[in-house]
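In what comes next, chain A is part of two complexes: it sits with chain B in the first one and with chain C in the second one.
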Partner chain A sequence: MGYPHPPHPKETVVLSKYFGDAEARTFDGWVKRGGYEALKKALGMTPDAIIEELKASGLRGRGGAGFPTGLKWSFMPKNDGKPHYLVCNADESEPGTFKDREIMRWTPHQLIEGCAIGAYAIGAETCYIYIRGEFTEPWKVMTAAVAEAYAKGALGGNVFGSGKRIDIVLHRGAGAYICGEETAMMNSIEGKRGNPRIKPPFPAQAGLFGMPTTINNVETLSSTSHILTRGAAWYKGLCLSNPKSTGTKLFSVCGHVMRPGNYELTMGFPMKDLIHDLAGGMRPGRRLKAVIPGGSSVPIMTAAEAEAALCDYEGIVEKGSMLGSAGFIVMDDSTDMVYEIWRLAKFYAHESCAQCTQCREGTAWTTKILERILRGQGKKEDLDLLLDLSDQMTGRTICVLSDSCAAPIVSGIKKFPEEFEAYLSRAKAPALAAV
Partner chain B sequence: MTGSTHAHADAPHEPVFVGKVREQLDALFPKYPTKQACLLPALWMVQEARGWISPAAMAEVADVLGLTPAYVRGVATFYTMYHLHPVGRHFIQVCGTSPCHLCGSDDVLKAILKATGCGELGATSADGRFTVVEVECLGACGFATPILIDDDFHDSVTPERVAGILARYP
Partner chain C sequence: MSDLVNVTIDGVQISVPKGTPIIEAAKQAGVLVPHYCYHPSLPSPAVCRMCLVEVEKAPKLVPACVTTVADGNVIHVNNDKSKRARESVLEFLLINHPLDCPICDQAGECELQDYTFQEGRAGTRYGDYAKRYNPVEDFGPDVLYVANRCILCTRCVRFMDNVAGDAVLNVSERGDRAFIGIDPDHKLDHPWAGNVVDLCPVGSLISKDFLHKARAWDLDKTASVCTGCTQGCNTMIDTRDDVVVRLRPRPNLDVNRHFICDEGRSDYRWMNRGDRIEAPLVREGGKLTPTDWTQALDRLGAAVKAARRVVILASGRASTESLGFVRRMVDGASVTAAIKVPLGAEAPLAGVPNLALRKERVPNLAGASLAGYGTDWSAALAAAKGADLVVVLDADLDDADVAALSGAAAVAVIGTVDDDRLAGSALILPATNMAEENGTYVNRDHRVQRYFQAKPAPGMARPAWWIAAEATHAARGLAAPATAADAFAALGAMIPALAGLTYSDLGHTGRVVTPNAAGAAR
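Take a look at the complex of A and B:
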């Protein structure tokens, strides 16, 4: 499951138009489909004009934070005489999210073109694409595509005869979720442990190798060529609800649905239709119980909240969670919420870089307490203890990994208290063997 | 880890960064403003050449990049994909994070542990053929359950498909 599918009539295919089309992977195939026109156009524009176009489009970061892309690019200093760097975050590691993988697998030149546009706009000659170590297939496809782009003059010392130099370097990660955090990623590229850095300084002031740096997600950069080709007004017009959320977005849907996969939708699309129509709904006889919409690092939504939500940055906040990277983990009524929350806590405990005490200890202890509850050895005060720990894990650390662990725990206890009670009162048999 | 590969672990260190591998590393240097930035790629090259990264290999990497062996070890231990012990001929990573767990990854893992004869996580089978680990999110949640065997990605793996897939890895 999850393979590229013929577009559903309710999808708006821009980024995913050529998913599944093997010819689109090649340079010539991409050019035949209109590729690299946007880069040529960009090279004839001033960097400021490109940034203004992006600001006008309303494009916001697709990696999770939703920061306006044009504004981010405008933070880069001008005429400072220093090398600038663009980093493309292809470390896609957020549980539930698998969209960047498909962009790289099927449309590598879409990403390369976006990176080249971004590099030119922020005054960078080098773009590092940080691809997670486990993405062996995207790595191979990207390696071949970058080599082809050099051979065809789309990269190198004189991009399409413009006299501009743009180099792309692929950098392979080696297994660390935290390297998806932008400052951890910079450390990792520099040959260090992937520990996040304290901000300020922000990357635009002192980022990779201490130089002004912009970091963007794969999907964000891939969107830029379409905005330049078709115009900011077109992109801004792709909006079904709140005007602060524009364009199309790839929504990854996984878990208990009949048709998991990536669905490209106009911002503001009803979540109910995404889950029950496009993704095929629940298995026969099953009902929706919960959704974690932003990848795993956001509060859990109940079925009622999810079915009433609109899929954009504001719409999901309104219903008690966050859009994040838009990886929807869908759970039906067979799901043991306590067990799944424990499994997520275990993930964060494993992935904590252990730099901050609240995170290193907090993720480990919440995992142990949840484990105790699942073993039928929970204590009455454990829920308060979990909430207290979660409170101390939120807003107190260098990065938000610890906040991300707390989000599903707090929302889980609040929204599904009866499931915790069933273990604590011993009404439910232990899910894990006692030790 | 099992003891079957200890002889390998104690063998004298043959330098990795000679000939083609050295050329490969030298070609990377101009792509970064510091030599240190080539640390992760250099560790990958060692693992590709030797199957794992020994303390002696870390010392060699340190020497080549102008770092200390302790520093290299500090970085190598941070990243889970670097093998700091010898592993089986084929290294199997099975995703077990929530989305895959919801779709039955536990059963896939059990079937793989049984079929490979590894028995437990992190162990190498007696014939040295397989090592199996459970990993966190492989980034392919819509293709549950994904597994990586060496560099090959297999998606939508079910317990029924395990035997057929493993047969391709002698």
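Take a look at the complex of A and C:
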């Protein structure tokens, strides 16, 4: 972690090694810590060699989908005569996730280096870093770091004397959750309303400004420099469980734990240890009730499922949820699950871009039903209705915002039915005032 | 045929070109995929999710509007899974819909209403929640936005953005608060903006001109052609109780796609004029006297026969049939024939090639030219002085034009509107206007297009071609056609470009002919 607490002995500190170290924010400080060696090395390699190295490392997208990064880069057309773009997704707006924020805040050059490597590998001269609007401090840090990188020749028309041009454009979002969806992000950068686009065409064919584009998460790009300096074999070796999940990953833990924060762990680390040991466990006298492991957009895990799960892409799927962005929302037994699910649904209803019918109307409708249940005015058929609406909101729309709203609702009703029953039978006092 | 793919849609096997969207392939298989946001003349955003269909082996339902067919696809539009998805979309669309169909202009021609009746749920599960409410907004000269009825298909936004090239509309707000917004500094006043009313699948964008005028099911619809300019946009004349209440575009991908301009759209009131000539008038003892057609036609035939120098002052709105037969009526004399061509500003529709409101504001300039009419109006007026006979074919005359008539020995009027200034004429014969007859216009690209009778003619009015042909029969014994179809078929003898063509050759979208051609079209 590094900040605000020193790293836990069980952490594998790679990305977060210099969190809290103010000197690492500067170009010279970063170079002193071995920075920009990877970029220099990359510039001496062919793009194909870099992509092969990444494929061999097993690095997968850290934004949520877990798509193999090397494979994604290899989809970019070669020698097509068109400008290519790299977009770095720094619109970290998934509830419960705050890892990219810390990367940008403490190690901006780590990200800039990763972006430059990525841009070179996919044949792009321009990289857009789309930074979430609410991230004021990371924005300032990144702005200063990019200016310094230009001044020191790490960016610009002749990167480290290689003759290669790599520009980084910082683009600040305006606070819409949906702009974290990659195609919505491209629209937003183009100055359009941030609505997700239909795929196909996929970004590698026609992305930003209609040109071949790759979009990667902050953490993914930041990992590339370490892979290039220390080798794919080293990275692949960082694996405690399934060989398809390699490397280290920042896990944001928030909610009812004694020591919330980012923990950098080797893939496959037991979730039980993460919650009860590293994150300090529950408050005294409290028991773990539920965990939403991947930001808010994945199914809820019960305490039993969470404690049995291993923290990697496959391990969490095995226990009925998804790794997502690895933002762990931990809830103890004081939590009212119905209330929490309502709060999440309300978030999605607020953030729906309004394109697809199911999402626009469905997120708002499910929120209203949950609100009514919380007011003690629920009807017994409401649960079936919620499940039916969630079914129609899943797999029907352009992007997965609607699915993301449905996931906690469906899993919540299935895993915590008694809490809904308590409201429906009026056994529990209303949590919201009746209107 | 490698550019064709074979697909099965609801059990119907068809071959369609590669790259065809499923929704268009389904049309060819005779299956309509219900849809809202899709429109063949607009880019598809795939947002309404109404056209989701099952394609076997695909992991989930796919939007038929943006998914192209692949060889061997087996597509189910009307199986339980696809229908269930549509039922659900309809339910979602209706939870915030006011269901004010009884006072909505769109009722009866509303796609939300139609599909809900076809396959929606009978009742609501929305319960007693309040519906979204937004006030009605005045978008522009002829468009009101009733936000509560809006299903956010964004056809209007895309039309203004991608077709008109005047992006004044957008989707404002997010989630279920979203509505169609307009640039606060602009109005929806593009010359083609009225098309958003037709594009709107529900009653959200409505025409002020048509507001509460008629219920859709009371309208009779007649295929027609716009009389506004030489473009020849295909239209539909909607009449209620024999009164024209609305013009709408009729699709013709080669002429106007799915659009007409606002000027053409609003140009129908003259069709309903009540100050009409209703009986043939002939001069008896210095006074115009009503008579029957037999006597009137004999008089016209005699006047034509006696005349050596004849001038025809015609309207560019006259059908090709009328122009042709009136011209033939005076064969043998020395003839000066012209139509009056009012001019205006050109207003193109940016997104559609070769589509504009044209400068020349008459529909049949090319037809008149084929029939031997010039456009030199002042020369024709000059020729009227000292002419033996001036035939006025429904021309819109100003006072100077009327004054020029006084130099002619005799004036015969074949007209629609009663005009006191022409009381000195030898004959005034009642003709039908274009909404009251079958006929053809030839547009600027020499596309010959039919229009159909939309309402009955007043009194004894007859088509001008009939009047001219019967008078010619009276004067010279030439056979007169009995129907517009016969008249058109006979035009080939006068206009070589039309030789061999019949109404059935023209169909509903017309046919391009080659001017000066000796033989048949094409």
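By definition in this document, the second predicted complex is superposed on the first by the 432 of 435 C-alpha atoms of A that agree within 3 Å, B and C clash if a C-alpha of one lies under 4 Å from a C-alpha of the other, contacts with A are read in each partner's own complex, and residues count from 1 in each chain.
Simple rule for what comes next: contacts are C-beta pairs under 8 Å (C-beta built on N, C-alpha and C of every residue); 3 or more make two chains touch, one makes a residue touch a chain.
These numbers come from a predicted model, not from an experiment.
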The chain contacting more residues of chain A, comparing chain B with chain C, is B
Inset, instruction - State whether A:A176 touches chain B only (first), chain C only (second), both chains, or neither. - result: both
**OP:** Figure out whether A:W365 sits in contact with chain B (first) or chain C (second), or with both, or with neither.
**Re:** second
Worksheet item: Just chain B (first), just chain C (second), both, or neither: which does A:E351 touch?
Response: both
Give one of first, second, both or neither to describe whether A:P201 is in contact with chain B, with chain C, with both, or with none.
neither
First, second, both or neither for A:S296, with chain B first and chain C second: first
(message) By the touch definition at the top of the document, which applies to A:G96: first (chain B), second (chain C), both, or neither?
(response) first
Message = Between chain B and chain C, whom does A:R193 touch in the aligned arrangement: first, second, both, or neither?
response = both
Dual-contact residues of chain A (chain B, chain C) 176, 193, 350-351, 353
Counting only contacts in the complex, chain A reaches chain B at residues 1-3, 83, 92-98, 100-101, 126, 132-137, 167, 169, 171-177, 188-194, 209, 252-256, 260-262, 296, 327, 329, 331, 335, 340, 343-344, 347, 350-351, 353
The residues of chain A that touch chain C in their complex are 176, 178, 193, 198, 349-358, 360-365, 368, 372, 379, 385, 392, 395-398
The chain B residues in contact with chain A across the complex are 31-34, 36-41, 43-44, 65, 67, 74-75, 78-82, 93, 96-99, 101-103, 135-144, 148, 151-153, 155-156
So, in the complex, the side of chain C touching chain A is made of residues 45-50, 52, 60-61, 63, 66, 85, 88-89, 92-93, 95-96, 125-127, 129, 151-152, 170-171, 173-178
